[in-house]
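Think of it as A, B and C in the order they're written, each chain with its own count starting at 1.
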Amino acid sequence: MKAGKKKAKPESRRGATRAPVGLFFTLGEVARAVGGSPIGDPGLRLTGVEALERAAAGDLSWVADSRQARRARESGAGALLVASEENAAGKPAVVVANPTLALAVWLAVVSSPTPPRPGVSKRANVHQTARLARGVSIAAGATVEAGARIGARTVLRPGAYVGRGAEIGEDCVLHVNAAVLERCRVGARCTLYPGAVVGSDGFGYVWDGSAHRKIPQRGIVRVEEDVAIGANTTIDRATLGETVIGRGTKIDNLVQVGHNVIVGENSLLCGQAGISGSARLGTRVTLAGQAGIGDHASIEDGAVVTGQGGVVSRGVVAAGSVVSGMPAAPHREFLKRSAWLARLPELARRLEELEKLLARASKGG
Amino acid sequence: MKAGKKKAKPESRRGATRAPVGLFFTLGEVARAVGGSPIGDPGLRLTGVEALERAAAGDLSWVADSRQARRARESGAGALLVASEENAAGKPAVVVANPTLALAVWLAVVSSPTPPRPGVSKRANVHQTARLARGVSIAAGATVEAGARIGARTVLRPGAYVGRGAEIGEDCVLHVNAAVLERCRVGARCTLYPGAVVGSDGFGYVWDGSAHRKIPQRGIVRVEEDVAIGANTTIDRATLGETVIGRGTKIDNLVQVGHNVIVGENSLLCGQAGISGSARLGTRVTLAGQAGIGDHASIEDGAVVTGQGGVVSRGVVAAGSVVSGMPAAPHREFLKRSAWLARLPELARRLEELEKLLARASKGG
Amino acid sequence: MKAGKKKAKPESRRGATRAPVGLFFTLGEVARAVGGSPIGDPGLRLTGVEALERAAAGDLSWVADSRQARRARESGAGALLVASEENAAGKPAVVVANPTLALAVWLAVVSSPTPPRPGVSKRANVHQTARLARGVSIAAGATVEAGARIGARTVLRPGAYVGRGAEIGEDCVLHVNAAVLERCRVGARCTLYPGAVVGSDGFGYVWDGSAHRKIPQRGIVRVEEDVAIGANTTIDRATLGETVIGRGTKIDNLVQVGHNVIVGENSLLCGQAGISGSARLGTRVTLAGQAGIGDHASIEDGAVVTGQGGVVSRGVVAAGSVVSGMPAAPHREFLKRSAWLARLPELARRLEELEKLLARASKGG
């Protein structure tokens, strides 16, 4: 960063990520930050980061994989993050093992948003028995109920809510209207996006002969460290005991996690996926968009349920497997069946022809 | 409850439901409360309620059905709620017709959360023309608009919203950021979980040749008594007239109910189910997770649509039937088809063999 | 409007749309407003608008198409909007090309809700550097962050949120708890329904060998003019660049739009539809309820994905086509396959019979 002593934190304008006027960074700085090798002049000055289609001469861009090589050639980008010199298409570049990872690293350097100033707004509603560690930032309209604890440097945006006796770790962000209900626990470095709800009651009722009687939901949700919970996603508290979201797991928007579910570490739950009560997910499981998991099902380590896939109640998806369809089947099977399903009208016609042929043959015979 | 005059309301700690130190309850007290017969010493002291896997010597647990008998034997629980003496595995127990119902009853006795103190926060926004019955509790940041009515003992948590002219019955709870929009009506003893939205506009547009013209949505939502509406669930107001949620119906999280839908009494709508406009559901209907109902469809009394099942527009699901798949078919049919679908590649191969055989035969002949 | 000088804006009561006592409108006024021809006495006085089933002698109703002719005959409505004289069933009526459009026009005349009074509540949280155009209405508990701009006559309801540097156009409504996050832009005449979230982070992570590393999401969402965004719907900001919702597009509740998605003009996204990252939708595309679009897929102009339909990653749906099922196929194909799928057990049995027959024949031979 060459322009004066101010650290260059380029503000994005209209969706671009650009350095303020007069600020720039060099190809060499990028190479050092991401641990890569520069191709071309390390002193090359760049002012922004952009996708291939939108990048101009002052922009750094990235080539995720070789399939993008053509788009890289056609791009107006001034320099590229690439996995191999061939992908650079003759442009100045930084060669790294994983260009997408390098992009993540560099964007964090160049564009981390300024955290809000520490302090508790006079218009926040913080109960006198709540315990706030140093450096917390609690906005107007946020609420912290009796006995709750908020870890150091954690940020509550307007309308965020921490219920009675709940605990939030250090360096968390609860975005607008995100809620952690009573007694639930959230580990360090978690992000709850707007409208996320942690600890609403599980859907537990029992028919008593004339009405659905509520089974009080007295457990909690325990969210481990480094978890992200997407906008308007809902995670229900356990009937008794805990619903658990394992360390490092990332959850997208509008996902439903039922009561008593256990999600392992470093799993990915994509948008609108749903997990019924008491299901278990291992580590590094992936649920693609709109996938549905039945109650008491088990999705073992590293398994993937593809988009709209459905695993039935008490179903088991073996470690490392990829399943698709409803009811879910191994993905290759699913593709084969889908292909044959498309040919089913033809198969039926062929069957009918054989029947006619044999009928004629038997008459003829 | 033996410990002094304080009524034992054990606070849950870390997801367990335990009596405060020094408090306990006895097997005999449990038996009386749930209307069951004790096996073993009625004076046996217990201090908590826990699931079988987590229960220790001081805990009461429950055996939902005989399939759990092995887990009951292996459990460390001090006593059990069971349907028959065999399920007690030799432990002290209370025999009742429905152990899950007994659990619901006992948890309500032992762990009902303290309601917030009545009163209106100075930081609540209550219009001067709103009418509040006695005993209401309205938190900081909650809003009650002009002409709205709030029934006795009803609780509005932070960020809860009651629109102009809306009516909320007695003993309701509107959790954090739950909203009931203008003129909608909610009956007694309803619970709206965080972020639930009752009375947003129905999705009604008509193409006018150059744009989607909005059809003003001037009806309401009428929610009858004893209804639960899950976190971030949305129920749209009717174009004209009413969208209706019948008495005793329980709705899970992230469910969508379109405009002019009528849901009968005591139905269950599980997580992420969706109901398109003008569909009708009878009494005691169950929609499992992610089920979808097309517009103007009719799901008759007692019918079940299983997970991810889809009923087409104007489709009819007969009373008492169970349907699955998309388009939905009777569940047994669905299972049969799914099984044959899995064998479809094999069927195709067999068909081809027959064709070859006959081709050879006809050449040979 | 005959009753005095007050313009008749009938308040709806209990889900009906009725004129206040003493006010009425005439059949002739309706005909003029909607550009139709009256059948019967243009002076006929009416006091409300209702659906066919609920309409009484004082009510105007409408007959959307000929399929409703029987219900029109049986209706108690005093007058009807119809497409042809036959559909009027002998009642007074107004004949128009599109009765549903006429209904939309007339409801807007007769029942447009009173907008809130302009002004900024003392209990709103508006940063001193925010710029508010004239006529804005900002409710208690709403927040406008630093550098944000709010266009003329735009309304922020309680709990609504506009982030740092965001821009909202003229004549918009942000309903309760709707949020537009930092730097996002919303065009004129847009409505965000309760709990809608525009500009939450895209779901972008890259595995770094031991954890899912976040790819900072530094782009924005740009919402063009005349867009509606349903309750609790979520639209993610782009990694870099823009997620775009085209002019005139209407989005229902609980819809998920991933990062870098481009939605064209005048499209319709129905409840619980989901669009994965970098997908592109053309103009006048329809996604029916619970439809799912894979990442980088392309849905061309005028295409329709029916309810629960699933388009795979990088899939293409041709302009004007209608697709169904998962993986999505042309709708007619889908229907044919579904019909044959229902007969699959029968086909399998017939195949087996042929095999037996040939086995016997070959033995016999």
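Things worth noting here:
To be clear about the criterion, a residue touches a chain if its C-beta (ideal position, glycine included) is under 8 Å from a C-beta of that chain, and two chains touch if they have at least 3 such contacts.
In this text the structure is predicted, and so the values were computed from the model without any measurement.
Fitting chain B to chain C on Cα positions gives a rotation angle of 120°, stated in steps of 5. For the self-contact between chain A and chain C, the two sides draw on mostly distinct residue numbers; the shared fraction is below half. Our note on geometry: chain A versus chain C, Cα centroid distance of 26 Å, whole angstroms. Looking at chain B, one finds that residues 123, 141, 159, 177, 195, 232, 254, 272, 290, 308, 326, 341, 344, 347, 351, 354, 358 touch two or more other chains.
Of all residues in chain A, only 123, 125, 141, 143, 159, 161, 177, 179, 181-183, 185, 195, 197, 200-201, 203, 205-208, 211-216, 218-220, 222, 232, 234, 236, 238-242, 254, 256, 258, 260, 272, 274, 276, 290, 292, 294, 308, 310, 312-313, 326-327, 329, 333, 336-337, 340-341, 343-344, 347, 350-351, 354, 357-358 touch chain B in the complex they form.
Taken in their complex, chain B has these residues touching chain A: 12-17, 49-51, 54, 98, 100-101, 103-105, 107-108, 111-113, 123, 139-141, 158-159, 175-177, 193-195, 226, 228, 230-232, 248, 250, 252-254, 266, 268, 270-272, 289-290, 307-308, 325-326, 338, 341-342, 344-345, 347-348, 351, 354-355, 358.
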